[in-house]
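Have a look at the structure below, then the notes.
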Amino acid sequence: MTDQQLTSSADRPASAAPSEAQPRPAAKPRPPRQRPARRFEVGPVSEIPPGARKIVNPRGNLSIGIFNINGSFYALKNTCPHMGGPLCAGLQTGTTRATTTPDGRFETEWIRDNEIIACPWHHWEFDILTGKTVFPSRQRVATYEVTVEDIARMADARVETYPVVVESAMVYLELR
Amino acid sequence: MLIDTSVHPILADQELFPLIGKPWSDGRLPDPMGLRHVPPDPGVIIDPGLTADPAEFARVLFGERGVDVAVISPLTRGLEPNPQVAAAVARATNTWVADRWLSQIQYGGRFAGSIRLPVTNVAASLAEIRTWADDPRFVQVAVPMRTFVPYGDDTYLPIWEVVADLGLPVAIYDDYATGVAHPESPVGAVRYFAEKFAATPFSDIVHMATLITCGIFDRVPGLKVIFGDASVDLGRVMLWRLEKDWRSGRVEIPWVERIPSQYAQPHLRFVSHPEDGVADGATVSPDLLGISDAEHLVLFGSHFPYWDAMDAKTVYDQWPGPIQDRVLSGNALEAMPRLASFLKSQTNPQ
Amino acid sequence: MTAETLADQNQEVAVSIVDCDVHVEFQNRDAMLQYMPEPWRSRLGSRRGTSQRESYGPLWNARRLDSYGPSGLPAGSEPDLVHKQLLSEAAVDFAIVLRHARGTVDPDLNAALCRASNMWLASTWLDQWSAGGRFFGSISIPVDNVPAAVEEIEHWAGHPGFKQVVLGHYSERPLGYPQYDPIWAAAARHRLPVAMHFTTNAADSIGQTPVGRYPHHVDYHSIAFPVTYAAHLMSWICAGTFDRLPDFRVVMVEGGFLWHRPVLARLAQQWPKLAGEIPAARSDPMSYVRDHVRFTTQPVEESETPGQVARYLELADAANILMFSSDYPHYDYDDPQRALPPDLDRDMHDRIMSRNAIEFYDLPATRPVSELDRA
């Protein structure tokens, strides 16, 4: 199974449909100028709607998952620090928090839906926003900076309407 | 100083029944030695001359063995399904301990007691605590290892809250009497006494695991539980297993916010066993100190007068002196805060 | 040298990873029903199962999410994907496959389910999907149907692909009780080890303990297996099963390892006083484990300080009685590159990863180079 197949599997929520605006038959955007040497082009924003993710291989064996959480992008190394499992191919989910009833019983509350990635091996939960395990541990997964740039704006300064910006924005990984 | 935390006088029918009162004293109770698994040799279990005579206990423990304080906790008659009978047996046992053991000044006030709780009856357990807790000679509560529901269950929470407030740790000991308990193994009754003996520690492990996973220690931060029948060594490796599954499945039990192993120092204690660490028969090797954390978690207890009693004088010979001191007395003083004042009153009788 | 050039020369590579716990599955229910005789085939019809575990499952998928192919077939059911993940990516040389047919409440149906599972295994993973003989099988038997269990062992005993017998960890009584003896005698007669792998059958008292039931998956999954495996191990030892059957060997799979030393130590401490009642004849109960019992690693014990586990492994004689297992494709899969503590003695590491299993199962120490090998 390839990483690409994983990202297109059924765990992408239905609500993550592209914006209602008609896609503009855009000319092929030119790459941005002065692109940093360690920058990797992930793909257009429209390919990773909120709630979705994409796994890429910027170089060699390095595999990275890029997640769109409510319009913000986050990137985690696709290798679980525990046993090396393909973390970003795991279940994207929420987690639980304990609440206490007035009579002293514990109950669980579901929180942070879609902001947690559970490794497909062993279900270790990681916070997609920080790369930290949800439980106390010494381990965390490497995170990477993600930038979004409006190529259309760079390519053609006259086009500035909102749907056009969304349709033509590109997601980049800034590799250290 | 030597504190023996595991001493178990046997309350025989002839002393127990008059204390239970009518109508229960007209009936029968399970045999104190258990009849399901007959030991290979009657002498194996206990020296018949040493069942319940304070003078004999004093002679052996304080005289021969150099014990300074013995914390006594009579085993009772196993799990009792009738809540009234359970309450009556516990009340009778505690009355007997107070009158026959703790009040006998000729033994120098060196017997400390345990409040026996009828755990199948939570209301009666709370009443028993209320009755005896003001007596500073009771330094812990004692509960049976066999239960219908493990000790992590919320049923027991009111008991744990009260005893933690009173500074009383909870000691869990296996009654030899079998009563109506579940079979000794998850796959039914075992055939031989030896199997029952070997499997016993796992019941403590189930209690340990559920106390953690049910969040009892998170809600009762002052609670300390003393496992009478599991070695610290088994406790350690089973905690590792538990914490591995906790990392995978903690979403089910989010109140467990600490790594399960970290509940050990504040909350878990293990009575000493010859199989702690690596034993060559006569002594326990110091090899695992620092890993099992026996230096903080083990309380010396001889299990006297039962057959698996161990001798404090030699068994920890290879351990560094300060660690020996912790196991032989320091850890007990820490786990049973009432022992300190008890000791003061002992040095100044009356 | 690359795999390609080695393959050209018909070369052999040393076996360095033997995985003693791999699970495979039918692709669908029809595939299973093909192997079922009437009346069971008609009676079972399209009902999904009469033997599924109904409690204590993990909240999230019990299989590795990355072990499902694009087709969505069950994990462990597609040979290409299993070959890729297990033989290429994890670099496993030999895999011992355990597919235990879960039991129903009907012992006759259980016998038919075991036979179907074994027939299927023989014609698939031990034949057309074996990647050149890299998969070995386990004969699934119904422990609640002793005559059928014996018959199943006899039926498959000469088959070169089956290396052992497999059963679940639940039974009506601990397995040293005499009613089970014919099973152990049959296995010993054919020098087939008996692997215990935790399985829950419809009739089992799931989650039962001597002090009540586990409230959560976490406590069930971490505590139940050692407790139950220990009951069976003590039962076999005390009943003298190993004394009576010198060729009877046991593999305790996925039930933990480190617990056995404190439990055996407890028994050994008091053995002189206890042994009078029991048929076991040896003076040291620990020796039964060394001579008759092996454990597998997964789920390997872990600590915040891996060196602590390494020390415990040494003391528990891991160098002689522990064998690597991954539990592929289950979610709690342990990867062969990362499963053992990094500071483990090198020789012990190699013995656990392959040599103990090679000796125990009498496997070849080398295998031909394969195109599945990573360059």
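When the chains are written out, they are named A, B and C in that same order, and each has its own residue count from 1.
To be clear about the criterion, a contact is a pair of C-beta atoms (placed from the backbone, for glycine too) under 8 Å apart; a residue touches a chain by one contact, two chains touch by 3 or more.
The model shown is predicted, which means the values in this text are computed figures rather than measured ones.
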item: Chain closest to the assembly centre - both centres taken as Cα means; value: C
item: Dominant interface by contact count, named by its two chains; value: B-C
item: Between chain B and chain C, centroid-to-centroid distance (C-alpha), Å; value: 37
item: Where chain A and chain C are represented by their mean Cα positions, the distance between them in whole Å; value: 38
item: Euclidean distance of C-alpha centroids - chain A vs chain B, Å; value: 53
item: Shared-contact residues (touching 2 or more other chains) in chain C; value: 58, 60, 304, 331-332
item: Residues within chain A bordering two or more other chains; value: 82, 122-123
item: Contacts with 2+ other chains: residues of chain B; value: 214, 246, 248-252, 259
item: Contact set on chain C toward chain A in their complex; value: 58, 60-61, 64-70, 81, 304, 331-335, 337-339
item: Residue ranges of chain A touching chain B (in the complex, touch as defined); value: 82, 95-98, 100, 104-106, 108, 122-125, 133-137
item: Residues of chain A touching chain C in the complex; value: 1, 5-6, 9, 82-86, 89-91, 93, 118, 120-123, 138
item: Touching residues on chain C, where the partner in the complex is chain B; value: 58-60, 169-177, 205, 208-219, 221-224, 226-228, 230-232, 234-235, 238-239, 256, 258-259, 261-271, 273-278, 299, 301-304, 308-309, 311-312, 315, 331-332
item: Complex interface listing, chain B residues touching chain A; value: 154, 157, 214-215, 218-219, 246-252, 254-255, 257-259
